[in-house]
Amino acid sequence: MARLVELLLLLVILTNFIVLGTTRLSTCIRAVALQGFLLGVLPLALYPRGELHTWGLALGTVAVKAVILPRFLRWAIREAAVRREVEPRVGYALSLLLGVAAVAVAFAISGRLPLPEGARAMLVPAALATVILGLFVLITRSKALVQVVGYLMLENGVYLFGLTHVEEVPFLVEAGVLLDVFVGVFIMGIVVFHINREFDSLDSTRLSELVDR
Amino acid sequence: MTLFLGGIAAVALGGLALVALSFRPRWAAAAFQLLVGGGCMAAVLPALRVLSGGTAGELRIRATVPGGDWVFGIDPLSAFFLLVVLGVGAAAALYGVSYLSSESGAGPVRTAHAVTALEIVALALVVTARSAIPFLITWEIMAVLAYFLVVFESRLPDVRRAGLIYLICTHTGTLALVALFASWGQLAGDLSFDALAAAAPALPAGAALVFALGLCGFGFKAGLVPLHFWLPGAHGVAPSHVSALMSGVVIKMGIYGLLRLVNLAGAPPAWWGWLVLVLGLGSGVLGVLWALAQHDLKRLLAYHSVENIGIILLGLGVGALGARSGAPTVAVLGFAGAVLHTLNHALFKSLLFLGAGAVLRATGTRLIDRLGGLGRRMPYTWGAFLVGSIAIVGLPPLNGFVSEWLVYQGLLRSGAMAPARAAVFGVAGLALIGALALACFAKVGGAVFLGQPRSAQAREGREVGVGLLAPMAALAFGCAVIGMAPAVAVSPALRVAATLGGVGRGAAGEAAAAIGPALTWIALTAAALLALVAAGWWLRTRVLSRRPQAWTETWACGYARPDPRMQYTAASFAAPLMAAYGRAAGVHVTREGGAFHTHATDPVLDGVALPLWQRVLAWGQAVRPIQQGRLWMYLLYVLGALLGLLLYLALRAGGTGP
Amino acid sequence: MSWSALLGLAIVLGLAPLLPGVAAKTRARLTGRRGAPLLQLYRDLARLWRKGVVYSRTTTFAFRVAPVVLVVTAVLAACLVPLDGRRALVGFSGDFVAFAALLALGRFALVLAAWDTGSSFEGMGASREVTVAAFAEPALFLTFVALVLASGSLSLGGALGAPLAAAWPSAAPALALVTASLFLVLLAEGSRVPVDDPATHLELTMIHEVMVLDHSGLDLALILYGGALKLSLFGALLVGAVAPRAEIPPAIAVGVLVAGLLVVAMAVGVVESVMARLRLSRVPQFLTAASALAALAVILLLVR
Amino acid sequence: MILLGLVAVPALAAAGAYAHREAPWRTAWLITGALLHLGLVAFAWASRPGPALGGWLALDALGSIVLATVSVLFAVIASYTVGYLRWEQPRGGRAFVSCLLVFLAAASLVALSHHFVLLWIGLEATTLAVAPLIFHRHDRRSLEAVWKYLVISSVAIALALLGVFFLATAQAGAGRPLVLEDLVAQGTRLHPDWLKAAFIFLLVGFGTKMGLAPLHTWKPDAYGEAPGLVGGLMAGALTSCAFLAVARSTQVALAAGVGPFIRPLLLAFGLLSLGVAAAFLVGQTDLRRLLAYSSVEHMGLLALGLGLGAAGSYGAVLHMINNAFVKGLLFLAAGNLLLRGAAGTHRTPVSAGLLLVGLFAVTGSPPFGTFLSEFAILGAAFQGGHYWIAGTALALLALIFVALAVRILGVIHGPSPGAAEAARESPWLVAGPIALALAVLLLGVYLPSALVDALGAAAGALGGRAP
């Protein structure tokens, strides 16, 4: 099982890089959906004993992160007739390089921290990497929808780390994560919709009226 | 103590009565005058008892807020300043009633009177507070009420500007005081003055921090150069009785604070004494020079407050040096000089401001060079103003001479105290200050009250009513009493000085013995002066009654008919001194054609404070780009903070883990 | 209150008008003229005493009381000076200050009287008068400080008395400086050349004279007498500083004073004959020099 | 039971208010909810109720102080809302009142929860409850404000959650997971490195909600666009909740003995906040943004007090109360001025006077409560020998006073509109601010004994003591 876990985590990190590298919005959404699916599978791989709430967690995660939210995002694209490009503030190549650096940092930091034993050892760096990359996307992508994707990655990172605690802290972790992802993205989606109405574009850089003068 | 509390309660009540009885203006005014006057009189009695060696109880309020109980009490120092507060306060408040009666808008006027009364109460509480928290509270209330009084005519922009500058300065000073007590209180059990005094020996580095903060915080209030720059504006634009109250009493709270500091923290370090001495010299000389350069009567008087604060500081500084270098007599004389000059300046400066107010009421202008010849039309005001002038210049037979003489005593004797002998040079400074002050008040008295009117307004001037004259008369009487019978005021001053740091009880006795006979002689000289002048005048009239007398035009060296515009103006009167000291005084002299103009700026305000503020504004603009409204930048800050902290973790927590 | 002090006072009061005459005479002789008689000022005073007075309609009480105040303050100041070298009629700790303050009061009265006339000339004179005083005052007080430090006494009676005599041998250079400084102050306060020229005829160049332009008759007499008295007072200070004479018998001491005053008057005359009046803008430098001399003396005495 | 009620009552009231279509009913619900909550809080203070939900909900000194503060402030703001809703009708009016009540419920949850995840959920809920209130005008500017507010605080809250997980990792089975009491009791058994990492993430997350520089960036926009009463609620109540969260984290860290590691962080954030606030207050033209930066300043003071410990933590808790009331006062008064458009004493004399009072209160002038709390914090700095911190703070406070005085006095004496018809101010709009002003004044001269005890206990929990 440990192999499988590590494989899954590796795939998670790779999905991050897809988001960083792709030029197309739809690809971003697919990538994040895939990431959600992987995250849904992970609990099963981690806790093979397969108690009920592990399954519940897995199903809930897949449902929300891999199905509902991507749908919702695509709907937003259609509704708002968003152009399909990502329009990054930092070039794709550079993004990828920085991404690699971020992963390195993640591993460095978690190297300093005493990690949980066994297969879960890689959870921490993967989680940190995903968090940092999510922030990175939030910062370097000017399009509101892509920023939502970045935020999702961030959440996934947190969730990833939360998986280390499924046993000690039953249920609340999941509840917390799901609630957070759900409302966060939902509200943002609505707001995105409004932005589109007001600005005929999802470019959040236009949102810079409130300045100190 | 109960009498004192009852008195100030009556004062506060008088203020409220004025607002409450607004439907019966006449009653309200009567109640105000009765309660404020009576309250001040009642409250001053315990102070007098303390000054004559008696004691007054203390009021101890159990406080739930941090900082220990709130204590109020009267010791000689408090008592002496209570004289200042209540005496001048009552005069100013009563003057104000008639002064503002002609103002438009009854509502603001009533409020102003009420605030004045409350200001007196706040001042009385400041000098009686025996614990840091109530002291700071009453201090700030006093300062803020004064602000409201200053901006009475807030519709005028320069009034608002002056008020703003005052408010900023006083609050900055308060912050320094907060720091003072916060740092000191850490060593004491609670913040009562007794506890602080007990903890004083434990203060680090010879209490350097405490004394420095005190000088800054109280210095702002006292208006010593270079912290004076709020003063001329605020005192200039305020209603005259408020100017009198502020110049006479409010800025004295700074002096009270410094004295209280010496009283609690013990003999100050030598550097502090020197610093105060030098600041005193600077304030005195520059203050009077700036005053000479003014054309606005009230601004001129305000700058003279700076000058007199300088004289007070000279006494304080030499006293501190004496206390530090084991010359108790010098210490006592210096301190006593400072204390007494505080009272004297309160008397004659408020007298002068009230006189200026009378002139302003009568003519409607404060510009000296538009006045003239008022002595004929306003003889009583002129008399009062003359008394104030002679007193402030420090000439016998009035009170200014006595206190300056005390300061001279301290300075002259300092030549004999080994470590700080150079203080004697202060004598020369004080002499210069006196001579310049004489020049300045010769200018004011002459240009405003003598010669011929220089404008229609001055020609229209008529004597003001008794409501304005009576308070002036009272203050003038005070000046005369202290001048003619110095012992009355000097011995309390000595008693106060004896309570200050580094001075033993015995020292006061020695000092009293040293100057006792001199005081008698001064009194005799003053009496002889008056008697001889009277006799000489009588003789002269006798003689001239048998001589022919003729009346004609002023001799103008052959010029046919002199007119008012030919008179010397105040500006040109001060011109030679400005030519000598002008640069120091920040005066710009311009001569075009026959006209001669001097334009006075305040080197500190216009040269330092305002440019500094402009610089700060520029800095503020310089950092605006941080907040540009770009979301990704904001997120970048979050990421940066996070990574920074993680780096800190990596460095601090280094090594642990696998 | 000793008889010698009274005698000294009487002599100074009586002799004061002689000094300007002596000075003028010396000047005239040194410039090869016969000059006015020594007693000229007495004659002037007598004539003015008999004459009537003319007042400007502008003037008030202040104008008429000023001369009286001037003379009274000068007389009181005279009481503070130990004219017999022992003790003044009135002597107390810190009476220097009273001395200077009394003279200042007289000046104040005179300046206000000048304002009272409303004449630009008198205003000009008053302005110059106070300016000169503003520079002379520090010098005067510094000489006081030096005398106090040298004698260790805070009273004129002591500072010009026995203690000073004791101090001379040890502190000769400082006291010499003090003497010089006092002399310069005397020239200024007595409104003599090079600060002011009593003999000039152009109002625009006058200081003291132009200030009293409008006074006439008895008032002018009082003013002239007050000026002379002031001059002799400073002369007395000078004599006291140079020749402390507490040891010698009182009568002789008073005699020495008279002689000294005459010498001082001649010295003034000499100065007037060799120097011209300074430009007004140079006067401050002149008096600052006086302060500098006195300050130097103080420093010498401090480091002693 | 009471504890649950404290959360449930406002939530139910919110539902009730949403059900109604007519504005009067909604206001009625609002008032009843607020008053009921206030009553419950008073009852809770009187009868110290035990923990509920297995120790996840409990009422300790610190929590009860925050709870009381929020409840009082909310009651005042509710009364103000009555007057406000007469003046203008925010779009989505039904949501408006409900969101207010939901916020109250969430805030109570934060104050009561002794379980970190619960605390975190509560804080998240407050964030979400406020968002629609900022967005009430549905125009470009309010949209931009709410967008930034949401993105930044969501990111922050996510980081905070990660911090909570780190905390769980650090605890590693020592006592009940993430329950405050056990974390404190087992402090020595927590893993220091994980704990430090956890504190860092919690500080960044909750610090953003507090608005510590450089995490404050959303504040001026949100406060600047929200209506006055919402601004007051955020600057007064929301920040208090965030401060409570940071304080809880500090509580755990101190119990685990990593104080030397965390104090410098708090001090750095505090000073930086003061500096940034000063820099942006200087020459600030927009009144509400001015107040926002002033809020940043006071958050900095709170962080300073927390970092200094000793009397500082006492001062911090006390300052939290004062700040809540003062900010409420200022935002409501400023709201009144801006409600009528033109500023000036002639048209809104009472509100202008209140703004002036607020100026002195917010700058810590005696005799207002802010003075005492700042005095305590300053004293702690001196006691700890941090002279340069005290000096810097004082200099910045002076600068901040100058900036505030220039602007606010400018507004008050400002050019009054030509036609100065004396518009009588509705008592609903001024009663609340006046009450707050009196409260701050009272806190400056008299502290009820119950409050004194609570403050002492709270300070003790934060490794401090009463001065």
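Chains here go by letter, A, B, C and D, matching the order in which they are written, and residues are numbered from 1 within each.
Rule of thumb we're sticking to: a contact is a pair of C-beta atoms (placed from the backbone, for glycine too) under 8 Å apart; a residue touches a chain by one contact, two chains touch by 3 or more.
Just so we're clear, the structure is a prediction, and the values are computed from it rather than from any experiment.
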Chains touching both subunit A and subunit C, listed by label: B
Steps needed, at minimum, to go from subunit A to subunit D via contacts: 1
Pair sharing more residue contacts (C-beta pairs) when A-B is set against B-C: B-C
Centrality ranking, top chain (CA atoms only): B
Remotest chain, subunit D as reference, centres from CA atoms: C
Distance between the centres, which are taken as Cα means, of subunit D and subunit C, whole angstrom: 77
Subunit A and subunit B: spacing of chain centres that average the CA atoms, whole Å: 69
Distance from the mean Cα position of subunit C to that of subunit B, given in whole angstrom: 36
Rounded Å distance between subunit B and subunit D, as computed from the means of their C-alpha atoms: 43
Per-residue overlap in subunit C, given as positions that touch at least 2 other chains: none
Multi-chain contact residues (two or more partners), subunit B: 624, 627, 629, 631, 635, 638, 642, 646, 649, 653, 656-657
Per-residue multi-chain contacts in subunit D, two or more chains: 144, 147-148, 151, 155, 159, 193, 197, 220-221, 280
Touch relationships between chains, expressed as pairs: A-B, A-D, B-C, B-D
Interfacial residue positions of subunit B with respect to subunit C in the complex: 372-373, 375-376, 390, 393-396, 401, 404-405, 408-409, 412-413, 415-416, 421-422, 424-425, 427-432, 434-436, 438-439, 441-442, 445-447, 450-452, 514-515, 517-518, 520-522, 524-525, 528-529, 532-533, 536-537, 540, 543-544, 547-557, 562, 564, 566-568, 572-577, 579-580
Subunit D-touching residues of subunit B, taken from the complex the two chains share: 63-67, 133, 136-137, 139-141, 144, 151, 154, 160, 163-164, 167-168, 171-172, 174-176, 178-179, 181-183, 185-186, 209, 613, 616-617, 619-621, 623-624, 626-627, 629, 631, 633-635, 637-638, 640-642, 645-646, 648-649, 652-653, 656-657
Residues on subunit A engaged by subunit D in the complex (per definition of touch): 112-114, 116, 127, 131, 135, 138, 144, 147, 151, 154-155, 157-158, 161-162, 164-165, 168-169, 172-173, 176-177, 179-180, 183-184, 187-188, 191, 194-195, 198-199, 204, 207-210, 212-213
Footprint of subunit B on subunit A - complex, ascending: 89, 105, 108-109, 111-115, 132, 135-136, 138-140, 142, 204-205, 207-213
Interfacial residue positions of subunit D with respect to subunit A in the complex: 117-118, 120-121, 124, 128, 131, 138, 140-141, 143-148, 150-151, 154-155, 157-159, 161-162, 164-166, 168-169, 171-173, 177-178, 191, 193-194, 197, 220-221, 224-225, 280, 284-285, 289
